[in-house]
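Two complexes come next, and they have one chain in common, subunit A, joined by subunit B in the first and subunit C in the second.
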Partner chain A sequence: MNGQSLKQAGRPARPAVAALREIDPTKVIYLALAATLVIGWVLVAVDGGDFLTVETIVGIQQRSAALGIVAVGQTLAILAGSLDLSVAYLISLCSLVAAETMAGRDGGIAAGVAAVLAVSALVGLVNGMVITRLRVHAFIATLGTALIIKGVVDHLYDGPAGSVPDSFQRLGYDRIGPVPVSALLWAAVAAAAWFLLRRTRLGHRIYAVGGDEEVARLSGVRTDRVVVLTHVLCSVCAGVAGLLLAARLGAGAPTVGTDGGYDLESIAAVVLGGTALAGGKGGVAGTVGGVLLLAVLDSVFNQLEVNSFFKDVVRGLVIVIAVAVYARRRKGRQI
Partner chain B sequence: MTLLGMRGIGKRFLGVRVLSGVDLDTAAGEVHAVVGENGAGKSTLMKILAGVHVPDEGTIEIDGRPVAFGHPLEAQRAGVAIIYQEFNLLPDRSVAENVFLGREPARRGLVDRAAMEAETRRLLDELGETSFGPRDAVRRLSVAQQQVVEIVKALSVDARIIVMDEPTASLAEHEVELLYTLVRRLQRRGLAVLYISHRLREVFDLAQRVTVLKDGARVTTVPTAEVGPDELVRLMVGRELRDYFPPRAAPGEIGEVRLSVRGGGNGRLRGIDLDLRAGEITGLAGLQGSGRTELVKALFGAEPFAEGRMEPRRPRSVRDGVAAGIGLVTEDRKAEGLALRQSVRDNALLVARATAGRQARGDVRALLERVRLSPPDPEQEVRYLSGGNQQKVVLAKWMTVGPAVLLLDEPTRGVDVGAKAAIHDLMRQLARDGTAILMISSELPELIGMSDRVVVMRDGRIAGELPAGSSEEAIMRLAASGEAT
Partner chain C sequence: MKRTLPILVVLAVLLAAIALVNPFFLEPAGFLAFVKRAAPLVILAAGQYFVIVSGEFDLSVGSLVTVEVVVAARLIDGQESATWWVLLLLIAVGLLVGLLNGVVTTALRVPSFITTLGMMLILSGAVFLWTGGAPRGALSEAFRTFGRGNLGPVPWSVLILLAAGAAAILLMRSDFGRRLVATGDNERAAALSGVRVARTRILAFVLSGAAAAITGILLGGFAGVSAQVGQGLEFSAITAVVLGGVALGGGRGSVVAAMAGALTLEALFTLLNLYGISGALEFTVQGVIIIAAVAVGALRLPAWLAKHPPRKQGDTHVA
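Moving on to the complex of A and B:
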């Protein structure tokens, strides 16, 4: 900020280097996604396979849908300067609630969906209240919630339970052309979140609270309310993901959420998408890109039949490198 | 027509009186300057007006109606806006989003971006600001431009009283002129501007009246046309030197040069020439933002010089500085000087243990007795000590390595009288043992009482040097206007 003769020039003088660094993280992630697709296609082709078949594209979408929905919710929480570690256990719980309530009956679908939404909203409310009223850090508050849910679920279930009717399973498996219904659901959730952040007061305030809680407070934002609402939305997203997984499995399962690693994976996808872990900066578009990137990587490795340890190493590297690139970019801009 | 009237405002913090019986009034269309030394109570008074602090005594009237603010929002609704030195902006959001934060215009529940941006554009145009637009990210703006955003924010809530707290502290020379233009525009719109500044030139350039505060009380309010700079300085500092200080160094006690800088500079400092001698206490004076703290941090290696020569060597890191025998007692002992949850022993041995090749000396108790820690209990957690005792532990920390040069930034801030005298004695003793000492203090009587000479800074440069026993007026004049007497 020093020594720029900004006003005299009429327009802020932007050195060429700074302009280069001003690439939006969202663009970075989509460029990386495109690059991964191309490289993946080449690698698979060299290996003698065919990468961009309808089958793989459908597979990528289906793999990403559940994580994508959770990550959208996680994006909201992280943007508000919070985070949610309870989503994985909540997903398991919601899959069980859905399957038990529906109990295989077509007539039970509405009740099952309603029950899941209610349970997840309640969990989000508790998370939000503990964070804002009891002043417990989000990390600990949601970790505590996660353990409580785990305890309850482990006590009541030791394997898959309940069942969802065939008509509900179509949510997990049907597709319209090359687009699975589950991907459409994910797209709808992402679009709704994008709209919320961009066009509603709550959205603007989520950015404000995450950017600087004190600034937000002094500007008249009821910061506690924003954090609570954000957690409710985040948990409801996890609930929707639980419904989707129940539709896939045909039943509820006490480990479906943790097996998918949806807690840390969703945070990784959000950060990979360029949302600042400290909050206030980023958005849903980046998260969608982050989720897709992880799914494409998975798909490439699967086709190449690479061993899964190597896969994890690459995923870890990608996440760390991405965040380092964003940090560099930001530092460059401050000079 | 009086717009704002504050009567008999009093405030205590933790039993310490910071304001008593202060009156202040201002009229629509007036620029009213508020001046005083560091710690005179200017900021507290303004924070009371802005609803950040609640006064213990006194009343505030706006348009003749009494008001009482329990929260900054209430003051905002009553038409008071305050622009702090540290801006209240979200760097990653756009200008328009910042201006309307918490008050986003909405149509059918949806944020009306177009209206938000149009209104911001209109206010920017009104201020003659064309160098940036409503959609620009605040992060990309210069400090001066961010200040304009704050002013637009104030105008958008229909503020009628705007408080500016040291608005030029972080502006470049040419930006100050632009601020002048802005302030005059606000004045023409019929707003009252309360302008807090140390810089006398700005006071005379802009303000119609000036209120002088000293030690939490009002000295006077006068039209600027009826007072000269010299008289204003006298009103600000006029008080007697009544504290006791240990005797200064005798001529024979000042020895060789322990640290020397020629042409030192970095982002905040330029052309620094300075010698520190064994046995000498050099006072470092200057207004807030003049670069005093930056200078000691540069000497120490925490924010190193980028250019210039330094003897014995130019530290590029704190580790370099410590290895070169330089110690720094920072301004903020709680954040930078001490590990609050650790014991006195651990804190006192912090530097010794961190320094390679040096054995951590065992006799902490003797050291604590030397710095007169009371009681000299090495196992006590530092956070439970008084401010004065904490500062003694910070000093002990550096004494374990016997630094050749000790830099002290506001060493007695927030310390009671008894501990203050003990710290003064200790400083003199260290000097006598051969340490070269550089001390920053915003309290001029202390600076004058302790120093063998006073170096004055202004705008990141050394404005001049004054001999022992110079008057407060001479120091203030040099610090505020760069003119020597």
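Moving on to the complex of A and C:
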């Protein structure tokens, strides 16, 4: 009984102690987000525009919803010490599966959603099994899966295919006041992931596996199972993003995932949010901040009509600088 | 050698399979044409090997190759006289980008995955910002000779590949090579035994940058100027290195195996083409084979080393 309660108390201690010892990167990212909003507002105002309009705010949410959902899933995989490079192609595949299954019928929505969830969970399962059972490095395993999906999608489709019914398209465009439905979906996914990580056993195990797999294994965590589960969840998030993009496009598109660069971009957003790439440290709140920061930057640049190539340069700089700042704060520890 | 053998066997099998379908492959001209096509990726893989064996990643090489080609085209703009100083400049750009990657990774302690991912965005953004969105200008004939010309019967790129390969092997046999592997195997132990870990890693990134510059020069000649010339090359190079049995996470594997991995990958593409699996399904086959090859490599280890304790556990997992 005593040992049991000790163990219970011991589990959440690791992230908590870590948070005390180091300044929380989540705070840094939200400070940076606030600063970016202010600077953006000033810059746009000087330029003669109006930054904080309903239109911009809706735009920021719309832009970030799909990436946000993928990044939440990616956070789980990265926290467990893994990563997923297959999400971009999986998103394309899922948009096609959704649109082909629905085929424009209202009655097909349930089947389409179910098919997407099944396909994405299966891909995640394959990723997880290849990593844990065949002991292939996550980088290579998910890169291989990405190539496999790319081959299948490119072989079967040359361009947009299928169609989703109008009622499903409302997922992409409807909004409640200033809040788009897609942003609500993102918020729900993020909240679920937050709950999973902070309040459930699996969440604590994910941190434990990412922190030190061997120690976690010796403490009785079935580490392989945790890694597989995070990959299933990560892929399902990508599937949901695929559904959202299908709703927005009204059809499935074989390049929608790669055009958005969701693979590397989602990893960048996660790391921007202060989650350590090596795993075990960070969380969903930071990721949400990271995605919003990227979206606000995008929005400011759009309003200022800055060259899109300049955007890439700034984005690259922001990511590297942010991670360098976090590394400073974790003095004496290699991430 | 024991670690190089499996990939050499796979390579030999693939080459034999190609020769069966296409006898021209056995003639010197046919084989040299294959090596010429493979040379850029092999050199890039050798560069990536230095970075990977030291325990890091270099994701920036693909866009660096694009940058090299686009910069060369704009600066040369068809003038033969500009060729030589542009070549020097391109090598300098490669070295500089590698130096930046290395310094940011070691001094600012940013994980190399992020450093080089950021560099990839910065490079591709910057170069098209400079040229206004699309490649401009043209390469000179002298410049293109390296990628597609011949010296007697032997293509220039094959000669450059041989020189680069020899240099890579010599480097790995030198003190630097041992320090590099020691750094990737156990950073702390290497530092305690007097290796300047940061300097060693920076040099690895510089070598990768130089390799990307040479690859850019060869590809510019071979394939011409386009905005997509380096697209995805970073993943191909990493795949090639891993195919050669080099462990992600560092400390394991040989540069010869890494280069053989690149040749194997190229042979695989050739074979798939010959068997009519062209176009999209090629990617699927490639993906399956990469996973399978790495899985077989990982599975074989415990059986081999059953009598000896494994030297490093968990090196198949994320670095």
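Please note the rule applied: the second predicted complex is superposed on the first by the 309 of 335 C-alpha atoms of A that agree within 3 Å, B and C clash if a C-alpha of one lies under 4 Å from a C-alpha of the other, contacts with A are read in each partner's own complex, and residues count from 1 in each chain.
Everything that follows uses one rule, which is that a contact is a pair of C-beta atoms (placed from the backbone, for glycine too) under 8 Å apart; a residue touches a chain by one contact, two chains touch by 3 or more.
In this text the structure is predicted, and so the values were computed from the model without any measurement.
Chemist: Quick check for you: in the superposed arrangement, does A:147 touch first (subunit B), second (subunit C), both or neither?
Modeler: After superposition on chain A, A:147 lies in contact with subunit C alone.
Chemist: Let me test your reading of the model: by the given contact rule, A:170 touches which partner, first (subunit B), second (subunit C), both or neither?
Modeler: A:170 sits against neither subunit B nor subunit C.
Chemist: Considering only touches as defined above, state whether A:27 meets subunit B (first), subunit C (second), both or neither.
Modeler: neither
Chemist: Once the shared chain is lined up, is A:205 touching subunit B (first), subunit C (second), both, or neither of them?
Modeler: Only subunit B is touched by A:205; subunit C is not.
Chemist: Which chain makes contact with more of the residues of subunit A, subunit B or else subunit C?
Modeler: Looking at subunit A, the partner in contact with more of its residues is C.
Chemist: Quick check for you: in the superposed arrangement, does A:221 touch first (subunit B), second (subunit C), both or neither?
Modeler: Only subunit B; A:221 stays clear of subunit C.
Chemist: May I ask you to decide whether A:312 touches subunit B, subunit C, both, or neither, giving the answer as first, second, both or neither?
Modeler: second
Chemist: Mind working out whether A:280 is in touch with subunit B, subunit C, both or neither, as first, second, both or neither?
Modeler: The first partner, subunit B, only.
Chemist: Once the two structures are superposed, pull the subunit A residues common to the subunit B and subunit C interfaces.
Modeler: In subunit A, residues 214, 334 are touched by subunit B and also by subunit C.
Chemist: Within the complex, which stretch of subunit B touches subunit A?
Modeler: It comes out as residues 72-73, 76, 88-93, 97, 101-104, 106, 109-111, 113, 130-132, 136, 139-145, 172, 174-175, 178, 267.
Chemist: What part of subunit A is in contact with subunit C in the complex they form?
Modeler: 81-83, 130-131, 134-141, 143-155, 213-214, 264, 267-268, 271, 277-279, 307, 309-317, 319-320, 323-324, 327-328, 334-335
Chemist: Along subunit C, where are the residues that touch subunit A in the complex?
Modeler: Residues 57, 59, 104, 108-111, 113-115, 117-122, 124-126, 128-129, 133, 187, 235, 238-239, 242, 247-249, 279-288, 290-291, 294-295, 298-299, 313-314, 316-319.
Chemist: Spell out the residues on subunit A that touch subunit B in their complex, using ranges where they run on.
Modeler: Going by the criterion above, the answer is residues 1-12, 14, 198-201, 203-205, 207-208, 211-212, 214-216, 218-221, 276, 280-281, 333-334.
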